[in-house]
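Letters A, B, C and D mark the chains in the order given here, with residues in each chain numbered from 1 onward.
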Amino acid sequence: MLEIDDLTLAYGVNRVVRGFNLSVDQGEVCALLGPNGAGKTSILRAISGLMRPLAGQINFEGKSLIRRAPDRIVLDGIAHVPEGRRIFPEMSVLDNLLVGASVHIRERTKTRELIERNYAMFPILKERARQAGGTLSGGEQQQLTIARGLMAQPRLLMVDEPTLGLAPAIINTLADTFRALKSLGLTIIVAEQNAEFALRVADNGTVISGGEVSFSGTVDALRDSERLRRAYLGA
Amino acid sequence: MTAFAQQLIYGASYGMNLAVAAAGLALIFGVYRVINLAHGQLIMLGGFVAYVVATQLGTHFFVGFFAAMIVMGLLSIVLENAVFRFLQRRPLTDQLLASLGLYMVLGTTALRIWGDFEARPIAMPGEDWALTAGEIRIDGARLVTIAITLVLFASLYFVVYRTHLGRTMRATAQGEETAALMGIKKRRVAAIVFFLGGALGGAAGAMLGALFNVRPDMGFQPLLMALVIIIFGGMGSIAGSIVAGLILGILYNLTVFYVGSKLGDLVPFLVLLAILMIRPQGLFGLPDRNA
Amino acid sequence: MTLLPAHRISLRDRRTRAVIGWLVLLAFLGILWAVVDNNYHLRLLVGAGTAMIAVIPFGLLMGHMGYLAMGQGGFVGVGAYVVGVLTVQQFEFDFWAALPCAIIITSALAYLLSYPLFRLRGYHFAIGTLAVGQLLYIMFDSWEWFTGGPHGTAGIPRPALGDYAFVTNQRFLIVVLFFLVIAAFASWWLARGHVGRALSAIRQDEDLAAARGLDVFRYKQLVFVFAAGFAGLSGALYASMQIAIDPSSFTIWSSFQYVIYVIIGGSGTLLGPAIGVVFLVVLDQFIQDFGKWNQIVLGGLIVVTVLFFRGGLWGGANLLWHFALESVGIRQIVAQALGAATRGK
Amino acid sequence: MASSFGVIRAGLLGAALCAGLVAGPQLAKAEDTFKFGGVFTLSGPASFLGLFEEAAVRLAVEQFMKGDCIVEAVPPQPCEGGGLKIGDKVIPIEWTAYDDVSEDKKSIDAVIRLVEQDEARAIWGPRMNSALLSAASILDPQGIISICAICSSPAMTVGRKYGHDITDTGVIEKHGMGEFIHETPERLAEHGIDPALFDGRKKLGFIGRNELYTVHGSIGWQEAVEKGGGRYEYQHDWAVLYPFGTTDFAPHVAKLAEQDPDIVLMDAYIFPDMLAIMNEMKKQGLNYETGEIILLGNDVLMLQIFVDVAKDQGINMSSGYVWGWQEHNPAQDEATLARVEKYVPIYNAKYGDTEVGNSSPFDRGAYDAAIWFLYGVQASGDHTDNDKIVEAWRNLKINGLRGPTNEFFTRPDTGEKTGQLFATEYIIGVADEKVFYTGISYRDELFYGPYVYGDKLPK
């Protein structure tokens, strides 16, 4: 579904990702693992069009995403939930969700259905619908960003550091959410520092360190891997 | 007491006009984070468009008024495309200076086209009647501009807070990159915001021109006052614009009347400094995220 | 303290280029002083030098520190009026006695204003200073008992040393160049070392600088007062140059003028603003031929400079120089030419 | 090697800048010409006051060079073409004018440029009031004649040997109106004005833009009232002076109305300002259409074109309560009319289609003054000696387009000749939407306001 070949990313002359390859199949949950600064976020930004690659190919369902504007990529079916829970703090929860549906806002019934589905999946958002986004708790905000990503009705959902700064109990709920999303047939890429969480929700994992892939394989293989540990400790 | 009340009314009326001028500036700043000094000349050119359409072509005031809004909206889009889009990630000095350059270019062009000696009236509804209550009078024309202002602000409020367009604008203001990830087209939002900002400038120009005649230097004082208003009301706050506009207009009038005719600008600028010291984010603003 | 350590003399080095640029500029002014006998051109030089005295230190505030002040004309006005009032009306001070007063009063005013103003940043600071400039203008215009109001103040003397009176433009230019060298040197001295690093840290990320223990406010205050003091000096010289002053020279537009000098010349350097002054003074002579369109030329120039020449004229010159050095062909041609010239000897 | 680069670069930069600075526009040095320069506001907000003036002075120089002068001098002066007839020689006149872009600073620069680069011996302008003092302090020590035809400040002439103001000052105009409001009922009746016009009127008001012209105007108004001996009340402090850029005049007019004046002098000369003030006055009970107040004004108020523009905006000036003055006698004698008829087509053919526009009393005044000055230079017999020029010019009278025998004014209190060009002021009214001459005029009654500066410029 998503094929990345030999991707190189740079800020100015500073190359943050070198020769990165990734292949994600339909319905799969793929974890990008690596320490802070490994280049995970840059890869997600490149996929969603926020960053232009220096070299390499990104194909989604056979179409190249290179030089495609972010809003077109959303329309193509990729939603990117950015790190740091970037909700729109002064807008209500409902408005946040509606902004997420920008690409098909004219189709009112569809939007309404999506909102109802989100409310069903995240009941707290329904309770807080009229509240300003900035007043939600950390876990609620993370739910909101994921729900907002789902509003675009993506086939591929990319979530950046969902567990950052969340309490363990909330992380558990989040893991349930991911399993629920997977059961709906959604393809997911989750970029995580928290390997434990990633291994719980993902099918396959790719470990990045220093901008390069250091390991790639199934979660089970990953779990036993020395390399994972080394990637973290050695970085 | 009557005199005081009368000054309150005059000040409120002038303040409403200034609020419209400031709202355009505030809107563009709120979403796009640029203070556009050329806005002063959009106000002036708006007055001239209204004059050409309403007076020279002999149409109704409102035809000229809407023409001013549309033409200035379009001109504002042109300025965004030609200049401001290249300055988005640049220091504010560059943005301010570029807009100052535009101010000079537009101002001189208008002066060359229209000269500055003639009086250019625009006939407007309500010119020949007034409400009186005892000693106090409210001119019809001023009432009309107050009504227009209220309609403009209500529409602006509706657009920004009740439509999806407004939602995308607010989203862009609160997180430009995140908004792009929602599929919002940045260029389109910029165009709309600049159109609305320019149109509000044009509307302010048409109203000021109709009340007090159109002239090439008519953009300067409203621009200064609008700068004060957007700081006072909170940068980028629309509700702040109208409240601050009212307060500023009233303060200006009371200063002239009670302190001295030469000192009209004194109290507004003193108040501005005081506000900046006590509450830099303004009456309604959140702390400035950009600076 | 040397301007340039020997090992650093290289044309690829920014500092070498800046020193050469300064020497050229000062030599240029000196040569003009000696060769120009047209009084009008001398007067333009005096005006340019006077403006530079205010602009170079102002460049530290605006370029190095990244704080846009839009009320500098007000400080220049304070300096001018202090000299105007002290030398003319009741007091009849000597110019040399009034000059330090102008500097001290302007600096003191800036010192007091720095407390409220530096609670602000970015646009807020810009508009706060704009308000200060406008309030000062209103003061010049309405305190008739002190400033003469719209009448202004006339008969301000030009300075003298003993019997040598700096009355002609050529003589007055000596005074201006003297203070210009002081302004430039003081700015250079301030911009090097820890103050320069602090300013650059403030420009890049003020919060980070503060978090790392930098006393951000003190540095900002220092530069603000420094710039205002030289603005006062510049105003004092301006008053003496003009003989008569009135409020219209210290409006918002005069404040904008200083900002324009810095940007056109190249902000973030000391030489850039000075070049901006020279360029605009010369340009002004030429665009007078555009008659009524000259404001359009100037406005357009500002827009184009901001859009395309981010370092202003000085930045552009450096860029050209860089390309010239990097381009092998040109280097060879120059080297051959120089070789031929040396052999010729 | 490295330092060679520096030298080359230094040389190139220096040469380029030198070339730039020195190659500024320069005039060829011709030995025997009379160099005459001008500073006018040709662009910017006040350009309407400069365009026609520059046009008229330039026309005067051209006519002088052609030998086709329209104004006559007493005693007669030759106007033979080719320039000034000095002794046996004919000295060409070299005219250079600069635009001050409505900026005081620029106008000073232009004055210096004229003096120091163009070596002008006489300078027309600047008009900008606040630039006058600076200009005076530059010109006077060098003995350069300075002339202004629509200046407003005694600073142009008081205590200045070479300064000449031609008729129009903020102070002196107010003396004209001051004379008018003190007229006896008999004299009013004699000229067809309601004798009760000023009955029961006591308090005077004043409104104008905050600038030197108006400040002086207000001072002159107070002087005129004091001269009248207590019939009216006015204090300079009462003046309502609105700042530049004022858009909404309501609070300023309200302040004026608060003083409850019986007579208001509006000292403004910019149409949009005047119209806004007049509209607002009507609304706020200072109604000059019904006789609530009497509105007095300057020559701009009394332009037919203004009366027409005001009518378009619903203002009726024909009520008999609006009065002003002009220097230009609307009921001219035949000789003057013949000159006007000759002059106007020439002026209109030259400027009518340009932004300068057709002839008005203003350019006629400037033309008069310019021709008069050139006759003065010629009469001196030595165009290089400004003392002689001033002496000769001051003893010359002209029969101009504005009226016969203009001359320099003598202060009644000291008998000393000042640089004020004397021209009679004519009281004008409006009836049936047309301005008309009342037949009342003032001449010796006008005198300088010595109270502004005393006898010298402020030191």
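Definition applied: contacts are C-beta pairs under 8 Å (C-beta built on N, C-alpha and C of every residue); 3 or more make two chains touch, one makes a residue touch a chain.
Keep in mind that this is a model prediction, so the values were computed, not measured.
The interface with the greater number of C-beta contacts, when B-C is set against A-B, is B-C. Of all chains, the one whose mean C-alpha position sits at the greatest distance from that of chain B is A.
A separation of 77 Å divides the Cα centre of chain A from that of chain D. Taking each chain's centre as the average of its CA atoms, chain B and chain C sit 34 Å apart. Centre-to-centre, using mean CA coordinates, chain A is 42 Å away from chain B.
Centre-to-centre separation between chain C and chain D, using Cα means, comes to 38 Å. The multi-chain contact residues of chain C, meaning those touching 2 or more other chains, are 141, 292, 295. Multi-chain contact residues, meaning those touching two or more other chains, occur in chain D at positions 43, 210.
Across the assembly, chain B contributes residues 111, 224, 262, 265 that each touch 2 or more other chains.
Chain pairs that touch one another: A-B, B-C, B-D, C-D.
By the touch rule above, chain B contacts chain D in their complex via residues 3, 6-7, 10-11, 13-14, 17, 111, 115-121, 127-128, 130, 137, 139, 208, 211-213, 215-218, 220-222, 224, 252-254, 256-257, 261-262, 264-265.
By the touch criterion stated above, chain A contacts chain B in their complex at residues 48-50, 69-71, 74-75, 79-80, 82, 86, 88-91, 95, 98-100, 102-103, 105, 148, 152.
By the touch rule above, chain D contacts chain C in their complex via residues 1-6, 8-10, 13-14, 17-18, 20-22, 24-26, 42-43, 98-99, 101, 103-105, 108-109, 112-113, 115-117, 128-131, 133-134, 136-138, 155, 210-212, 215, 457-459.
Taken together, the chain D residues at the contact with chain B in this complex read 43-45, 47-48, 210, 240-243, 245-252, 254-255, 258, 270-272, 275-276, 283-284, 309, 312-314, 355.
Contacts from chain B toward chain A in the complex involve residues 164, 167-168, 170-171, 174-175, 177-186, 286.
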